[in-house]
Amino acid sequence: MLLNGVYVEDTFCEAFDAYVARVIITAYNYCLAEVAAKEMSGFATSIIMCPVEAGIERFLDYGETPDGRAGVSVMLFHPSKKSLQRQLIERIGQCVLTAPTANAFDGLEKEEDRFDVGNKLRYFGDGYEKETSVAGRKCWAIPTMEGEFVVENDFGIAKGVAGGNVFIMGETQASALSAAIAAVDSIKNMEGVITPFPGGIVASGSKIGGRKYTFLKATTNERYSPVLKNTVESEVPDNVNAIYEIVINGLSLKHVKSAMRKCILAATKVDGVVKISAGNYGGKLGKYKIYLRELFD
Amino acid sequence: MLLNGVYVEDTFCEAFDAYVARVIITAYNYCLAEVAAKEMSGFATSIIMCPVEAGIERFLDYGETPDGRAGVSVMLFHPSKKSLQRQLIERIGQCVLTAPTANAFDGLEKEEDRFDVGNKLRYFGDGYEKETSVAGRKCWAIPTMEGEFVVENDFGIAKGVAGGNVFIMGETQASALSAAIAAVDSIKNMEGVITPFPGGIVASGSKIGGRKYTFLKATTNERYSPVLKNTVESEVPDNVNAIYEIVINGLSLKHVKSAMRKCILAATKVDGVVKISAGNYGGKLGKYKIYLRELFD
Amino acid sequence: MLLNGVYVEDTFCEAFDAYVARVIITAYNYCLAEVAAKEMSGFATSIIMCPVEAGIERFLDYGETPDGRAGVSVMLFHPSKKSLQRQLIERIGQCVLTAPTANAFDGLEKEEDRFDVGNKLRYFGDGYEKETSVAGRKCWAIPTMEGEFVVENDFGIAKGVAGGNVFIMGETQASALSAAIAAVDSIKNMEGVITPFPGGIVASGSKIGGRKYTFLKATTNERYSPVLKNTVESEVPDNVNAIYEIVINGLSLKHVKSAMRKCILAATKVDGVVKISAGNYGGKLGKYKIYLRELFD
Amino acid sequence: MLLNGVYVEDTFCEAFDAYVARVIITAYNYCLAEVAAKEMSGFATSIIMCPVEAGIERFLDYGETPDGRAGVSVMLFHPSKKSLQRQLIERIGQCVLTAPTANAFDGLEKEEDRFDVGNKLRYFGDGYEKETSVAGRKCWAIPTMEGEFVVENDFGIAKGVAGGNVFIMGETQASALSAAIAAVDSIKNMEGVITPFPGGIVASGSKIGGRKYTFLKATTNERYSPVLKNTVESEVPDNVNAIYEIVINGLSLKHVKSAMRKCILAATKVDGVVKISAGNYGGKLGKYKIYLRELFD
């Protein structure tokens, strides 16, 4: 298929089940809310070696947040519910409770499966914490040096989808990268998805296990490495000198698909982009297969 | 002591020994280098529940970096050398190797105690990695989807100082916060120090252990909580309604002291700031005592 | 009236008729679109001495822009239609045509009153320009060093409203300023309004003419200057030490009123804010009177 | 000459005399200082149709500024001393006086040629202004709604150099642009120079006058337009599809040369860059000729 003159390969990405939580961080202003959100979603690109996958979902209008202040929502994904719960406690406790003027509310209110984040963090109040209510939500107000930190009693845990992805191939590194940045920007404030890698972009795709170093869980995906295209059996076209991957985690398969579609459309508008593809493991690993052509039916 | 009309308490902060590493991240431009640096230094405010304490030290001129590109240096601190080493591997592997156009070099070249970060990460190359040299440094070039990731073979591990701090007390929350932001900005690009908390600022100081909830390692420092000043034995002056803490980790005691001095000077220039103090545990815990008055001798 | 515990004075602001244009700047990504938008809307706080009043209205999704790229909309206001037209030519010609990857489209397509911006700028093409069509809009493609600059043939000119405003009074400068920042953030991406001053905030309100220096068009509004509250007949309450003004220009009175309401709500959430008011000239100058109490009916 | 594998043409740029002023804007923090600086340096790319050429020079440490706060320096250039003086008054008056917590000091103290900016702006105080001294500098404190605006009595006017430039040619638009961004970043905080165009980059170089439209002062430089390379007598190499120009204004020829050298070095590090050149008018217009080869002697 050709899209804006760019060849879109007839292939699919594999995606996986993962538990997801959504934290609404509010603060005096967007700058402060973002500071807490970035601290909270750092060191969270891939569960290969990070404790969780996380990222900023979007900026919320003052009218959308429980306490009527500036808001930023962060989503966290992990296939293990226990690990996700632990990370909620640790990251809200270390990165939001400590952040100037920040409060933390649940962003998945309708989920029945709930975890009592605030009810655990309140012990930091050492007996001085008080139950309170914000916009009808049960919260805890914990006395701190700046005043009070307000955190919701419990947070919803939903079943989401992780690992949706798009490959962007360019004639030059800068072209592939500019297209990747355009792709990430095109879903910057989209509801329901995050792109957990640095700036939303993966520079180093991996394959499962190792060919030579068999003791590793993941190693470089040499078939997609432009510098090796004349050395190994390669998937890199002759005119391609760099490939970037956008990894997308979402609340549902529908969210991930919609985001992939937007990313591909945006990427094909940048000159020097020659091919769009996606990453899969031959269909053996992921529960979900997302075919690129279906996105444009 | 009065400084710019603000009362500086005659007290001290306690500081601690910690191992430190410094990673120079380079990229096409500052924006991309910062993206990698922020991902790498997230979820790293305090080792109470974070795996490491980290932050951006400063932006390096193109002429200062081994590969002549835009640079950002990140420092990581941990009292356990093993934990620090593990975090170096995990954070460079997950947050820099994956980041667009980023390379990683050692920022403590003169340290004799070295840890072979690049020599471990190179296995991601699955046999396709190659030894290379950048500005005379032994490095590894690992083939990736974008091209090659270059990482230095080994990184210096030094003995640094963690936990230096300043308390800023204001008539209003906004005054104390504005002063805290000014304090952090005053050391923004200073060589040798980081402020690991969100935006460099701590909203929620803690005491060791718990009064009521004795099972906790750390709980709120109620003596410094303005909302409790009429409830508990309090250190909060009558006219103070918010307190922020700046925590400073540095390469040496001298670096930490110099940064504390700058922070205090900057904070006292903001209107509505009424007192500067510092946090200690009665002198029982920290190896180092830094007296505020000595900073202005 | 009390709002979130803050006194809102029963007064009104005066607002004025002004012509308005809206430019949609598109680019590879939001960062580049914003660079052009900021260059275009600089030196544009007040027509007292600036050639126009301008500001960023909002960020547009890729799906909202004519060429499917990242978009930022800028609005320009001037009571003189001629001056507005001239500024459109100069600012698009100097700040958007020159900006990397930027194009410029009309954001007021339904206006019948139109000005042929692109049809004038195309002469820069020196005969090499070509008529083209983007999403059904008549445009010109002008060859440049980077490739082509695309600009719409004509732009709508509407009748808007300028000078809507809110005064925020705080116990400390930092409190009033934090509230002003929160106010501006609360309408950051709102459709139909801009706040033309630096960061959206006015630090120095003015009165018409001069008391002592009668040769000036505008001088400081001493009745609202906290440092003069014991020197002149003052409107500054005893507990107020700083006042900031938010000036709002909008597509219609309704837009301005809606924005004022949001600003006031956001400002009253910041501690240390004690009073909200508005600026008027006794009702003698402005065509429109906007009563604060009406905003909350 | 080959530099990092990129061909640097043996040519020169022409540069011109221009008067220059340097304004040190200080504020509570860097964010606020930058807000004022950007407002002040907007609509200031080229005196072809802008009233002045301006840009941010660098960020100053707290210890470098007269009032010990965060500082940003802005430089303004104009061949007419009168025009420069008028712009100083208008831009400080409309963009810095109005900006939250901002003050304005002279950044060219040693210049004997001085213009009494503050002494003119003080009339805004309407008789309530007071002479004051900051770090030994004669200043005026003008009462405003936020408190007081402090502005230095007079500012130095120096003879600088405008129009230094570098052309960056790339295989793809994204490569040329990435290299241009790297070039600008490489002199981001360099003392003595600014890059007045949007983001420091020119997308649309111009020639003097017009070929077809002879009534224009400047039109597109068709010989450097990639889309016209098969239509006109072209300077665009076969493998070049985009060209960006970096225009550099500086305090002296030495400053401009040093900046050009850094820009070229940084640009040649980006893949897909194939040639570096510079813009001149056959040596007929500019007082100064800067040969690229001399930069690397």
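In this document, chain identifiers A, B, C and D correspond to the written order of the chains, with residue numbering beginning at 1 in each.
The rule we apply is simple: contacts are C-beta pairs under 8 Å (C-beta built on N, C-alpha and C of every residue); 3 or more make two chains touch, one makes a residue touch a chain.
Computed from a predicted structure; not experimentally measured.
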Statement: Those chains that touch chain B and also touch chain A are C, D
- prompt: Taking all residue numbers at the chain C to chain D contact, is the shared part over half or under half, that is, same or different?
  reply: same
Query: Hey, which chain ends up farthest from chain B, C-alpha centres compared?
result: C
- request: Measure off the straight-line distance from the CA centroid of chain B to the CA centroid of chain D, and report it in whole Å.
  value: 34
Message: Centroid of chain C to centroid of chain D, CA atoms only: how many Å?
response: 25
Inter-chain centre distance, chain B versus chain C - centres from mean C-alpha coordinates, in Å: 39
Contacts with 2+ other chains: residues of chain D: 28, 31, 147, 173-174, 177-178, 241-242, 270-271
Message: Under the definition above, what is the set of chain B residues touching chain C in their complex?
response: 31, 170-175, 177-179, 241-242, 270-272
- request: Mind listing the chain D positions that touch chain B in their complex?
  value: 28-31, 59, 61-63, 67-70, 147, 178, 181-182, 185-186, 188-189, 262, 265-266, 269-271
Field: Complex interface listing, chain B residues touching chain A
entry: 28, 32, 35-36, 38-46, 48-51, 90-91, 93-102, 123-128, 142-149, 167, 173-174, 176-177, 180, 197-199, 201-206, 210-213, 216, 218-222, 224-228, 231-232, 241-245
